[in-house]
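Letters are used for the chains, namely A, B, C and D, taken in the order the chains are written, and counting of residues starts over at 1 for each.
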Amino acid sequence: MTTHLDSLNAAPAEDFAGFVGSLIPGAAFLGERAASARPFATVSALHAALMAALMAASPEEQRALLAAHPEPTAEDAAGLDPLAAAAEAEAFARGLAAYRERFGFPFLICAERQTIDAVLDALAARLAGEPAAERAASLGEFGHIVRLRLARAVEGPGLPPSTGRLSTHVLDTHGGRPAAGVALRLYAVGRAGRRLLDSRTTNADGRTDAPLLAGAPLRAGRYEIEFDIGPYFRGRVDGAVRNLFLETVPIRFGIDEPEGHYHVAMIATPWSYTVYRGS
Amino acid sequence: MTTHLDSLNAAPAEDFAGFVGSLIPGAAFLGERAASARPFATVSALHAALMAALMAASPEEQRALLAAHPEPTAEDAAGLDPLAAAAEAEAFARGLAAYRERFGFPFLICAERQTIDAVLDALAARLAGEPAAERAASLGEFGHIVRLRLARAVEGPGLPPSTGRLSTHVLDTHGGRPAAGVALRLYAVGRAGRRLLDSRTTNADGRTDAPLLAGAPLRAGRYEIEFDIGPYFRGRVDGAVRNLFLETVPIRFGIDEPEGHYHVAMIATPWSYTVYRGS
Amino acid sequence: MTTHLDSLNAAPAEDFAGFVGSLIPGAAFLGERAASARPFATVSALHAALMAALMAASPEEQRALLAAHPEPTAEDAAGLDPLAAAAEAEAFARGLAAYRERFGFPFLICAERQTIDAVLDALAARLAGEPAAERAASLGEFGHIVRLRLARAVEGPGLPPSTGRLSTHVLDTHGGRPAAGVALRLYAVGRAGRRLLDSRTTNADGRTDAPLLAGAPLRAGRYEIEFDIGPYFRGRVDGAVRNLFLETVPIRFGIDEPEGHYHVAMIATPWSYTVYRGS
Amino acid sequence: MTTHLDSLNAAPAEDFAGFVGSLIPGAAFLGERAASARPFATVSALHAALMAALMAASPEEQRALLAAHPEPTAEDAAGLDPLAAAAEAEAFARGLAAYRERFGFPFLICAERQTIDAVLDALAARLAGEPAAERAASLGEFGHIVRLRLARAVEGPGLPPSTGRLSTHVLDTHGGRPAAGVALRLYAVGRAGRRLLDSRTTNADGRTDAPLLAGAPLRAGRYEIEFDIGPYFRGRVDGAVRNLFLETVPIRFGIDEPEGHYHVAMIATPWSYTVYRGS
């Protein structure tokens, strides 16, 4: 169920505030204060107005609003291997408690923009930070949460970015053509090892039919794609070779912009490959 | 203790045969038959003459000589992780027994030219082979054993190859210079996971002071080098980036020629790298 | 003015033959013979039927039809530098006369699929050929001519390919982004030097807004693109450098499939570049 | 005829000054002033002492010494195409006269570290400079001249650098080996076109037997190497291809450090190549 921006622009101030409160528990007062800035030409402008109202709010109001947001759970960083999660759950809970004790408010992060390892890294880093910086970081994360909710709940022009994209492409410069039929596997790489996210095969253009990841923010963190280059080239090198120079080629890379486009491309021969962030 | 080729050329035929028998148990008769072909101009020619005598020997003589060579043990494929070896030892023993039963002679392989995984692969592949091909494969492996022993026991011109070499080189084409101070780790990659063989750091020329592997045959099999590219480039990308695009770059490759030179080179920037078998 | 395939399928046989004759002077008889094969599901099928009728025609009919096609002129290989053409025009005329004398029919080539240099190369190569091979080559070229004329004169499903495409892309792996604002120049490269075809600048995605060549067959021959990489990177290397390592990067390449897609891509840093035929 | 540093260290001050004057006309007074700093442990220390004496000399002494050095001639930038030189000689003479008029002293440059085009570029750039900067530039160039003369005339430890080196390497990652037998040509690239400096063929290791340039400073300027990749790969692509994708591959690059090592390497397949400054 989405609401159109036009309706929000035309609604009584009270209803507009109610909509904001329904989207973000406790934030109706931001809607009240931003209502007079309507009409908004774009959804991004609506987002900016709510964030401006948040920045202008009193420290107590900010603190109360942010504290109302639930702390992240291992489940937020979805798809995690249950065993690894269990092993780390206790340490995670201890970290969250230490954070609350140190800063007097809970750890706030837009968990769907992070792998569980990135959440753990952020918690460790932010535990060592200064209170003022932490308040700013929390506001920034809150802004991500509001942005994603608006992008999904409101229709209209100028939607703020709410998705990223990971794509790949394999070129065969031994034969001078896209490398078709190359099996590949995408993994999330964390402290506890790596976890298979998807398996694909390249099409006639050396790409996958659909992006490897799309339709949601890319979780910041580390990833690996394994390409089965050996089977692709096997017929083209000396048949007596038992151990091909290149068999499975792993490409390990980081994602840092959840709403970005990461094109991880490879140009391969049986004896060499080039990896680059393309476009 | 090495013997000079000149001494072997000048020795009484009986002593020459004795030397051969001391080098390869049961092979003195090859020395007797090759003695009249002396003097040998090179150690390689001596090796060739012994192999020619072996090829000309009767099937019974060949079989007896090859059977006298001990079967490989997991320890021959040295340096293996003891736990992994234990886990596989039983399966290995069963494979060796199956081979003896099928062909009537023990499995012969020049184990120091193989990783343990390559030995296991070879055993599995050869168990499925034909008797005639197996006899030929055993003679070929025996030839490798004789060659390595001669190369180490005899001094003189024309030594046959008995060592391989693995080297690396990292170039930084972001800065236009060799990448100095890059930490790297070499692993053997097998069924049971990977095992650390060595850790190094690149010098001012982007190379390691000594080859990664040298002085012995390279064990055929699969390897991985991990390069810590992230720390090398960190100062040169936006400081706000938490997840660098390239942090640890793994290069996984196969070695198939134990006496070859494998130069595994990398050209890197913070956003791309090229890997190739160089020279 | 195009005719729809449906109209050709429905027309009286006489009118269909007339259409073929209007398209290719002297070829109405091919239309007569192919008329009974109607209706054609695709324009490609119509092309195939006309070529089948040509193959089945008598040698005299073939010869008369092909001889009716005008010999190529330097102007056919359009856009040629007038001075270079003048310098070569006499040699070209001598070659055409020699060809007629040797084979008894004029030199036939689909000139718009060739650079002038490729026409000259083909004339030189074919002058040395055998009569039977020359007749086959002429029929093949005639087939290209008919195909291009059909593709332009007929509307309908299954149009045969009549255009190629040349595109480019420049990636900056020093900065990890497309290289925007890189000036580039496309040249045709021939015996008499090179001739500027077009100048462009890369857009925000590192590509040109429109393909470098499109909408017609790519003329087979040799080309060069010069990329002004030096100005793009200048601010990022030591200011004291007078002679940058890379200033203008020339990429010289051949086109051999006039109806193909040639994507000539470059990945560059101030100290390295990778060129490849992409997709 | 070289003199050993030990002899210069042990000689009477007068003789030492005489040696300096014989090396650099008019500079005996620098030798007189530097004599008391003897003994010099290295030739580089001797060079530094002479330059220190020059910096400490009066403006009139400096000016007189520098003015005694002949202006560059087109011939200094050796090997130039005589016709091109003739075409530019007049403009060059005008530039030198304008420089003298503007600054009151002749244009000084260590011409053997420059191509003729680099000399012309430097003249144009320095004509637009400020007098103080020009005096500094002249002293810097004079230092290069003194350094090269010392390096050639004196034997002993710590010789200052007086040579550069240009080398190349071609790797074939289609076949996984060095590219042997590749013909290549080195050109100097200037305003008036390019001039062939040398032709070579790669050896079994994909390198040239001797460096492309060595034994003297590399003349700063722009260069091009053409590699005949097409003939090397021809047998490995479809025989029907008339226009190979890669035939002659030009690599155009700049040299900016005359005493540096430029390793211009290429990794090639029939469909791609990577060029980089190696080490």
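The rule we apply is simple: contacts are C-beta pairs under 8 Å (C-beta built on N, C-alpha and C of every residue); 3 or more make two chains touch, one makes a residue touch a chain.
Computed from a predicted structure; not experimentally measured.
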Measuring between Cα centroids, what's the chain most distant from chain D?
A
So the centre of each chain is just the mean of its C-alpha atoms; given that, what is the distance between chain A and chain D in Å?
53
So, what's the distance in Å between the C-alpha centres of chain B and chain A?
45
Whole-Å gap separating chain B and chain D, where each centre is the average of the chain's CA atoms
46
Which chain C residues reach two or more other chains?
173, 176, 245, 267, 271-272, 274, 276-277
Graph class of chain-chain contacts, one of line, ring, star, complete, other
complete
Can you list the residues on chain B that touch chain C in the complex?
173-176, 237, 245, 267, 269-272, 274
Within their complex, state which residues of chain A touch chain B.
118, 121-122, 220-222, 241-250, 252-256, 271-277
Residue numbers on chain C that touch chain A, as the complex places them:
169, 171, 173, 176-178, 205-206, 267, 274, 276-279
